[in-house]
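I've put the structures underneath this note.
Across the two complexes that follow, chain A remains constant while its partner is chain B and subsequently chain C.
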Partner chain A sequence: MAKLLDKQRYKCALGAMQTVQAITRAIPVLHSGPGCAQKLSDSIGSSGYFSPNIFPCTSINEKDVVFGGVKKLDTTISNALKVIDADLYVVLTGCIPEIVGDDTGEVISRYQDAEKPVIYASTAGFKGNNYKGHEQVIDAIIDQYLEKADEKEKGLVNIWADVPYQDLFWLGNIRELENLISELGLIPNTIFGYQRGISNIERIPKAEFNLLVSPWVSVGNMKKMEKKLGIPYLHYPTLPIGAYETSKFLREVGKFARVDEQKVESIINEHEKYYYYLIERYADMFLETRVMAKQFSVVADAQYALGITKFLVNDLGLVPAKQFITDDTPKAFQEQIKAEFENLNYGLKAEVNFETDSYKIHNEIQSHDYHGYPLILGSYYEKEITEDMFGHFLNISWPVQDKVVLDDFYVGYTGGIRLIEDIYSVAVQRWN
Partner chain B sequence: MSYKIAIASSDSENINETFGSAKSFVIYEVSDGVCKKSEERICTTEEKVTKNNCNSKVCGNSDGCGSSCGGYGEPSAKVEIISDCRAVVCKKIGFHIRKQLERKAISAFDVSCTIDEALDKITFYYNRIDRHESLRK
Partner chain C sequence: MALNLESSNVATRENRIGSITGYVGTLNDLATQSECGTLKGCSRCFSQSSTCLSGCALGQLSAIRDVAIIHHGPAGCSVASAGTYYLDKVMAKKRGVTNNTVYVGTDMNEKDTIFGSADALRRIILEVNKRYSPKAIFVTSSCATGIIGEDIDSVVDDVRDEIDVPIVAVHCEGFKSRIWATGFDISDHAVLSSIVQPPKQKRNTINFKNFYESARPEIIEIFKNFDLEPIFLYCNSTVEELSHISESLATTCICGTLGNYLGNGLEEKYGVPYIRTINPLGIAGFETWLREIGRVTERSEAVEKYIAEQRAIYIPQIEEIKKELKGLKAVLGMGPGYTFEVSRVLNELGIEVVWALAWHYDKKYENGDIPPSMEYLLENGVDFEASVADQQNYEVMNILNKYQPDLYLSRHPGSTVWAIKNGTPAVYVADEYMIFGYKHTLEFAQSVLDSIHNRSFEKNLARRVKLPYTEWWYEQNVDKFLEEAKK
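Coming up: the complex of A and B.
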C-alpha cells in the first residue's frame, strides 16, 4: 500500500539548488514547474548575492509536457546569461522534464561557447533526495567543468563536507575544518560560502588530495575525481566533534598528508589543554546534570547522528539509547555506518536505525526507558515528544525552527565546546 | 472515453490562427485513441477586444489584472462555442481567454506546427494520463 510520509526530513533532489546557492556568484537555472522552487526555498539565508526569489525558471506547464519544454529552456538560459551577472550557471531539472524526456544535455551543449560556464545536473525528485541532488551538482561540476591539472599545488587540500543549508551549521563547520587543516600546514580549498566561488572551483584539480568528512554523502564524487582528475581522497566518515574525535581526525589527516608526527602532536596537545581546562572548570555541573540525563538519542542525518553519538559517548561519557538516521542512507553504506556506531570507547555500542518515518521513530523513543529524563538531539519534530517525556531537547537537524544559526559550528575542539554549551544550557534551564 | 479537441486553422493543415483571429474551429473527436475530424464550428459574433471588465482605478492593474479584481473580461462567445471540448489548439492565446478556458477546465495549447503533429502529441498525452500511465516514452 502507498505510504503517506508526513514530517519530511529532507527535500527532493531539486533541493540541490541550495548547493548551487552556497557557491557565491553561482546561480541555479531551474527547468521545472513554477511551484517547485517556491516550495523548496527555505528562509534560512540566501547566498548573499542572489535572492532565491530571482532564480530563472522555465515554469513549464501542460503545453510543455505535451509539446516538450526544450525551446523554453533554451530561451530561459540565453536570457539568464543576458540579465544575470553570475560566474556559473547550473541548470537543474525537475521531475516533469525528465519524465517527458526533454533532452537538457543537448540544450546545454549549445552554450559550450558562452562567455560564462553553463552546466546541468539531473535533479529529478524521483531520482532521490537533496543529499543525492547535492552529489549530482558536484558531479556536474567535475564532469562538465573541471579538467585534469598538469601540475599540483603543494599542500593544497580540497575539503568536502555535508550538504549546505540542509546542514544548519554548514558554513561554520567547513570554515573550522579549514582552520584545522591550515594548522597542519596544509592549504585548504573549499567552494562554498563567503569569498569562495569559481576561483576555488578552478583550483580543485590542483589539489594533492580530497578530504571528505561525511559518512556517505559525496563518496561518489570523490571516486569520480580520483578517476577523472587523478586526485586521491581521504574519507573520514565521522564529523569530528570534541577533543577525542578531532585529535583522531588530525592524526589521520596528518598521516595521510605526511605531516611531521611531532608537529601534529604538539597542535593536538595545545588544543586539548585548553579544551580540558574548560571541561574541568565545569566538572561539577556535568556531574550534577548526569542525574538528569543518563541516556540520549540522536535523530538526524548520518553525519550528525554519528558525530554527536561519538562525542557524547567518548567525550562526555553518556550512554547511547537507540540512534536514528533519517537521511535515507543508501543501502550500500548502511553496514559501514553501523560498524562506526559499534566502535565507541569504553566498549559501548550504539544501536542504530535507518528510518525516515517519524511515527515509528517517535514510537520507539516513547517506548524506550531512558532511566530518567531523555536527552534528545533531533529535528524540530522531536521537540513535542521530548517535552511530553519531560526530556531535554536540542534542535540540531533539519528542519530547524527554534534557533538561528549564522556561522556557529559543532566541528573541532571549539565546536565540541559549543555543543556542550548548547546541551547544558537546555539542562540548566530545568533548575532555574 | 471520447473527447473533442478544437483547432484554429485556416488551411486545415497547419495551426496558423490565433484564438482571437480564428473565424472558425475545426473539431476533432477522439474516441478510444482514434482521432477523427467531426465538424467545423463557425464563430458568428465578432469578438470585441476587451482586456477585462474591471475598473482599472480600483484594482490598480488595468492590464491582465490578477487576483485583486477577479474578473477576466466579458465571457467570450468563442469560449462558449468550444465549451464541450477538452482542449483548444491555436497559434497564440491571450491571458484572459486562457483564464476563461481554465474555469471550464479546457486546456489551451499555443503552438505553431501541423495539425497532425499537434493531435498526435495531445492524444498521446491524454491516452497516457487517462490510464494513469507515466508519460515516459
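Coming up: the complex of A and C.
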C-alpha cells in the first residue's frame, strides 16, 4: 500500500535502465513516458557510450494511453536497431503500458530473428524499486537469452554484486572482487563495466559456479540460474571490506571452489602483511584523533550497512550504535540479515532497523547518545543532521552529492584502506 | 488567454497555444506558417527519451521555501526529491537563508493501481503537515495515478478543513504533453490559484521569474537606479512573498517559456503588466527590455541614463572581442525561450548560426502574438535552417556531423557532451544569466573564445570514443522519422 516515502533512497523498477546501461553496448529501449529516463538517471557519470538521452523511448502520450502503444513500440524497436549501434536491446516497460495492458511480449517476439538480440523486462514503477528492477533485468537475460551449456569451463566463476549506479562504487568494487577471485587461481566472469558485455553474458552458462556477494539482491537470480542452467551458487552476504572480512571471504570462496588451503592462506598472509604495515603507520591517527567517538551509524542499503558495520567493528574496533537499512529489503531476507549484524567480534550485536521513512531514521539518530562526536556514514540526507550534531559525515549511499567517484572502491583489503582514508579525511578537518 | 483558476487542471501547450515538437525547415518558413496558421507539428515514429513535465512543474514549486510537495505515484516519479533536497539546501545557503521544503513520494505499488490509494494519500498529507508544518502543500499526480483515475482533487478538498495553509492539487501526468514546459505553466497555475492574493496596495516591485537567481545581487543593484525592487521567483521565494506578487508594478522573465503563464495570468487577473519584449540577453535584448520596463513603470529617463553610462563601459570592449569571433559558425539546441534569443546574440557578435534547434516551438504566446524573439530576427533579415525536436539527440548528431560547426551551444544537461564527442567545441549555456546584460554578454563572448582556443579536451576525447549511431543514420536526412501531421 502507498506509504509516506520521506527522503527517498531508491528509485522505481524502471531504474533498472541503469543496470542495462552498465552492460557495455547494451541499450535500454523504454516503453514509457518521455521523461522517465532523465528522471531516473544520475546527473553526473551517465555520459558513457550510451547516455539516458540516447535511450530510445516510445514517449507515450495521451492517445497511446487510450489506444495502446504497441504500434509505437514496434517502430521504436525496429528503428532503434537501424539507428543505434548496440549489441543487446533491452526493452523496459514503464507504468503506463502495464496498466493499459500493452502486450509487450508479443511485440518482442517479432524480433526473434533480428540481427541483434532483443529482450524485455517488466519494470513498471509500481512493481517495486530499482533493486527489484535490477533482478528483473538479470532474470530477463537468463529467461530469454541464455541456454544451458554443454560443458563447463574449468575455474570459471560468475560474480554478482549489488546494483550498478545505485551503488556509488559498483565499478571499482566488482573489479576488485574479480582481482581477489583471480588471485585464488579462478577465472572471474562479470557482465558490468569496461570491456565487459555481451561476450561475458554468453559465457555465463559455462561457469562452474555463481558467486553472489550481496545480502539479498539477486538471490532469486541465482536460484533461477541453478534451475535453468545448472549452475550452483555460493551466497556470501557480506560485502568484504578490510582485512578481517576479506580474509574470511577468500577462505570461504577457496573452500567452495576447492582451492588448496595453503595457497589461500599464503595469499591472505601477503595481503594482511601490507594492510597492517599501513595500519601500523597510522595507528597514531586512530588512537589520537580527538574528535572521533567510538560509536557510529550507517544509513544505507543492506549491502553497505552490513559491510561497513562489520569493517568498523571487526577491523577498527568501533562500536555500533543503531544501523539503518533503507533499501526496502523484502521481509523474507530480514531475519537472515539481522543475524549477520548480531554476529560481530567479541559477541557484539548491532541493532538494525529496516526503515524507508527517513524522518524516523533522523529522529533515532538525533536522540541517540554517541558519547562524543558521532561518525555517520549515509546518504546526502544525513549531512545536515550530522553537522548539527558536530559529527563526521561520509556520503556513501544514494543520493550522493558530497563525493565524486569514478572508479574508487571499498571492497577488499585495498578498499578497506580507501574507506579509512575517506573517514579520516573528514575527521582531520577538526581539532576538537 | 482565458485563465480558469477554479479548475486545478491546465490545458497543455499543444492545446492552448498550438505548440509543436516536430519540424524541419527554416526560421522564415516556421514563422510564416505560424502566422498564417498552416503550421502543423509532426510526430516521430522513432524517438529518444526527453523530459517529463512533472520535473519542470515540481522543480519550480519545490524551490519555494518551507512548502511540502506530495508526489502521489511510484518511487521513480518522486525521485526528483533527492535532487530537490540538495538544491534547496545549497541555494538557501548561498542566499544566507534556510529552506525546509520537503518533497515526499508515496511509493505506490501494484495493489494501489488496482484498488486505489486515496485513503493512504489522505493520511500521508496529514502526517506531512503534522511533521513539518509547511507554509503550503502541493499534492501532485503521476502517470499511474492519472490513468487509474485517482481523484486527488477530492482528497485535497477533503483534507482542506484540517489544514490551515494553502493546499492545492497539481496535475502532473507525464503523458499529457510532450512539451515539458507545460510543467512551468502547471506550477504557475498552482501558485496563482492557491497562493497569490488580490492586491491591497501597489509596491515598487518587479516580479522577476527566473531559475536559480545567480544574478540576483547585480540585478538588485541595477534596479536601484530606477527605484525598483526585484522579487525573484520561485527559487528561495517565501509563500508570504508570493501572496503579494499581484501588488507589483510589472512582471518580467529571463526566459519566455518559463514565465509566460505567470506573466499573462497576473496581467489578466490583477492588471500587472507583463513585459513582452525580447529577453535581456545581448545588447539589443538588454536595451529593449530595460526601455520597456522604463516605459511601463514610468522611469524612462533613469533607464536612458543608465543605458548611456553602461554602453560607454561595455560596448567598446564587446566591439573589440567581436573581431575575434567574426566568421565562426554555430549550431545551437535549446528550449525556444532561448534558441531564438541566443541566435540573436550570436548574430550580434558576428557568429553565424547555421542551424538552430528548438526543443519545442510555441506558435503563439498566450496573447496570440508570435514570440518576440522570432519577430525580431525576421524584421532584421536573419534566417537560418531550423528544426524543432524535443532533445532528439540523434537529430542533433546528424546535424553536427553534416555541418561540422565551430561551436555547439546548448542549455540542457546531457547535450553538449555529445557535441564534444563529435569533436565540436561546445558551450554549455547553463546559467540563465550567462548572456544577461552588457557585462555577461562580454563574458559570454570570452567563454566562446576560450572554448575554441583550447580544443584539447574535445579532441582528446573524440579521438578515442566511438559514437553510438550507425553509419546508416548519418547518411539519412534529419527528418527521416518525422511523420506528416495527421490532422
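Going forward, the second predicted complex is superposed on the first by the 422 of 432 C-alpha atoms of A that agree within 3 Å, B and C clash if a C-alpha of one lies under 4 Å from a C-alpha of the other, contacts with A are read in each partner's own complex, and residues count from 1 in each chain.
Methods note: contacts are C-beta pairs under 8 Å (C-beta built on N, C-alpha and C of every residue); 3 or more make two chains touch, one makes a residue touch a chain.
None of the values given here were measured: they were computed from a predicted structure.
J.: Clash or fit: chain B and chain C on chain A?
T.: clash
J.: More residues of chain A are touched by which chain, chain B or chain C?
T.: Between chain B and chain C, C touches the greater number of residues in chain A.
J.: Once chain A of both complexes is superposed, is A:101 in touch with chain B (first), chain C (second), both, or neither?
T.: In the superposition, A:101 contacts chain B only.
J.: Going by the contact rule set out at the top, does A:67 touch chain B (first), chain C (second), both, or neither?
T.: Only chain B; A:67 stays clear of chain C.
J.: Quick check for you: in the superposed arrangement, does A:8 touch first (chain B), second (chain C), both or neither?
T.: second
J.: For A:40 in the superposed arrangement: first (chain B), second (chain C), both or neither?
T.: Once the two structures are laid over each other on A, A:40 reaches chain C alone.
J.: Running through the overlay: 365-373, 455-463 or 473-481 are the candidate stretches of chain C; which one clashes with chain B?
T.: 365-373
J.: Both chain B and chain C touch chain A; at which residues?
T.: Shared contact residues on chain A: 62, 65, 99-100.
J.: Any idea which chain B residues touch chain A in the complex?
T.: Those residues of chain B that touch chain A are 107-111, 113, 118, 121-122, 125, 134-137.
J.: Of all residues in chain A, which touch chain B in the complex?
T.: Against chain B, chain A makes touches at 62-63, 65-67, 99-101.
J.: So in the complex, the part of chain C that touches chain A is made up of which residues?
T.: Per the stated touch rule, the residues are 45-55, 72-83, 85-86, 89, 102, 104-113, 117, 120-121, 123-124, 127-128, 131, 142-144, 147-148, 174-178, 180, 390-391, 393-394, 413-415, 417-418, 465-466, 468-470, 472-473, 481.
J.: Please give the residue numbers of chain A that touch chain C in the complex, ascending.
T.: Interface residues on the chain A side: 1-15, 27, 30, 32-40, 43, 46-47, 49-62, 64-65, 72, 75-76, 79-80, 82-86, 94-96, 99-100, 124-130, 356, 359, 380-381, 384, 398-399, 401.
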